[in-house]
């Protein structure tokens, strides 16, 4: 990952979020409160606008910008979680870590903030699968899709979806889906 | 009219009102506020209950009982109007007037209270037609029906129906219809 | 069918009154076996302000009974004026020896029942006077109709007359105040849905999924025009234009306003609408000195709202509106 | 499609806040370019109580900002917790030098955002403490869920802590009071309709024309059971049974209650329901010392209501509830 790739990544991620905004909200309807599409769309619009205006020149500047914008524009549960993820990533980047370790630190920060474990049917499930695959150099689009899809049969134990208990079974977790988009676009940005 | 006939009249009128309660409310929907059925039903239920309990022995006692119950139980526009009608009738009866004159005094009291003229699309239209026919000794069921039906093409100038202006045209006036029931049952009570 | 939380439509008003009194015993009490809600407040030899009308408009009027506002409110059946005997009883329990002033909304039924009660009370030696509120400009005022209806502006009348009474004004002064107040107050409403009375199966009128109706009354009376749903800005534009036409050109540009929810419209939407009212009044160089936003005079579960403008011709109006009162819902 | 009065769903909260502030400039002001509503009331060196959360629950929380209740409220997007920077800013503007006490509803989003704000404020040297309100017993509390939600009871928390702050209690005393209060307060709700967020085309859940749902949340979260519509008596019976099971047997039988309309249910129905609550509480030999009926914590235009019981373990609770405040909507 470098600064050009990182900017491309955010542009692609924003495009996907705007395209899939309604679908994200739709996922957040049976097991949530119908706002995940709006939340991510608002946040990512600000991220790309800030990139255009502030023209970050290093990966570290970019990660910092992503962090502040997600933290201050998303709100809800996903705002502090994605915000914490990028804050952790920024710190690991400052410490000179490599990309796999950077992503892993992002995941650790999500878990520190949200206390979710694997199998709780949250974005954490996707992050765990992705971080492991990146560490082994085997991240693929298929693997991401599978990790997202794998949240479907689970019963939610964290977040709003936990309120509906057994009725959360059979639905993809919206935060898992948006994290899927994050990593799909990461792969595409790296490949370009 | 005498006390037995009068009691029969109220019993028959009450039956019709309860049977036609929903229809009266339906008439009061496009050009009113959907309560004429409820109002008349509540009032007449109290009238027959009071007759059973108080067993009036003269026509005058009966008219007084009808007056108080309609005045204190109906409310809305029809309560004071029917109440005033029977109050006038009671007074005319006290003065020893004959039935045609008694009914005419009822009508006068309605007009004194409500200020409606013939053709304003109210119960007054039916009362005028009926009083005239009784004076001439030619009241029939057909004549009553025609008087009720005749309110349909009119534009309302009094009461709630006047708010809808031209849109009141084409609907039978609910108070005219309930007055029609009053006089149909009067004829039937007299015939029995 | 519209879903409602109730037991039996025939007892809905009765149970509602009991619910109010049980919930607020420190402020109000029920005159037993009547639809009269009276304040618990000690009598002090002042003029009593009494109002009433059909039910289904809550918090009007019982929610405005208390120190500084109404002495008593008479609750009729749903959308049905209360009867003269009930109004008479309210006059009697409210009287503090200085006379009773009735606030009547301009409907045939209300006028006739209150008039009869007034006659009966006067026969019993109680001094009674009254004012008829007819703020709803949606209906044309002419010799050939009942005239304009009384709607949400009635709450300002309660507040301002209630203050005058509390200040110790005589019934004659209150009458004069009321006669100054009414011509300066105009209201117009709009509905997103019709309304279904408890126990009926059909709404008063039906609007399509993208329709609104301008100029509806508070008893499900249809209005003056049906249109496609528009933005809040455009709704305000229509209502404000309609209202301002009714005020004569005048150097006095100070107003008090009510944005009144009709029962089913949430506060969020009422405030978005209020924001547009404030902005457009400013564009018209008109100053808003007092705003009241919320549910004050409703029509059961109707979605929609009304806008009231009161021109502050008299400084006393504003002083009265700002005074604190002790009621459930002001 | 559900009809709403608005201009653009993206600006609905922004315009609502402007509408509130323009309508009540004597009570509240907006911190420019934020979703923060602050009271105009002079600072007096007391602890500040700050609350907030997603919008769409009006009058909560901005309607409870004012003397004797909240110092500030932070409004997030519709059904979306506000962000840490906004909460931090609210803490800063509210602080009177004696520390800031946060009232947080138990949702992942709220907890995380408020927690981050608290960390940031403490880094800036402001004393901050907080309580998490989780009164909604419809959701089972277990290690495997987020736990119970914070709903209408939150308004009693604002009122009681606001009174304590006004009385000059320290942040430690307020924390202790809050910790005594929360376990004594339980709420459960029911819906007649689902709810549609501004801009979406589909409701959160759909109920048939004769169905209700017990145990819904205030963000369109479905509840614990769906049934045919019943009488008010039966609805109260179900909710009360469910609530009373949650209270340990106790010699103290004095309660305060909230009958809270969810946004689209008129006051008339709320009072019919309140009447049944009062009667059935009495049948259970439980005494109601204080009632609050009306719209306090809504869910946009949802039809339905919730019932809150607060056991009056401490005489201070009742004293605080009865105190007068100067807010728009208490």
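Letters are used for the chains, namely A, B, C and D, taken in the order the chains are written, and counting of residues starts over at 1 for each.
We take it that a contact is a pair of C-beta atoms (placed from the backbone, for glycine too) under 8 Å apart; a residue touches a chain by one contact, two chains touch by 3 or more.
Just so it is clear, the model here is predicted, and its values are computed rather than measured.
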Chain B-chain C separation of Cα centroids, rounded to whole Å: 31
Centre-to-centre distance between chain D and chain C (centres being mean Cα positions), rounded to whole Å: 29
Gap in Å, rounded to a whole number, between the CA centres of chain D and chain B: 53
Separation of chain A from chain B, taking each centre as the mean of its C-alpha atoms, in whole Å: 74
Junction residues of chain B, two or more chains touched: none
Interface hub residues of chain D, defined as touching at least two other chains: none
Arrangement of touching chains [line / ring / star / complete / other]: line
Every chain pair meeting the contact rule: A-D, B-C, C-D
Residues of chain A touching chain D in the complex: 25-26, 29-30, 32-35, 38-39, 42, 71-81, 113-114, 157-160, 162-165, 167
Residue ranges of chain C touching chain D (in the complex, touch as defined): 1, 3-8, 12, 15-20, 22-24, 55-56, 58-59, 63, 192-193, 209-210, 212, 229, 231-233, 235, 259, 263-276, 278, 288, 291-295, 298, 300-301, 303, 305, 329
Chain B contact footprint on chain C (complex, rising order): 54, 76-86, 107-109, 112-113, 116, 139-140, 144-146, 149, 197, 199-200, 202, 204-205, 217, 219-222
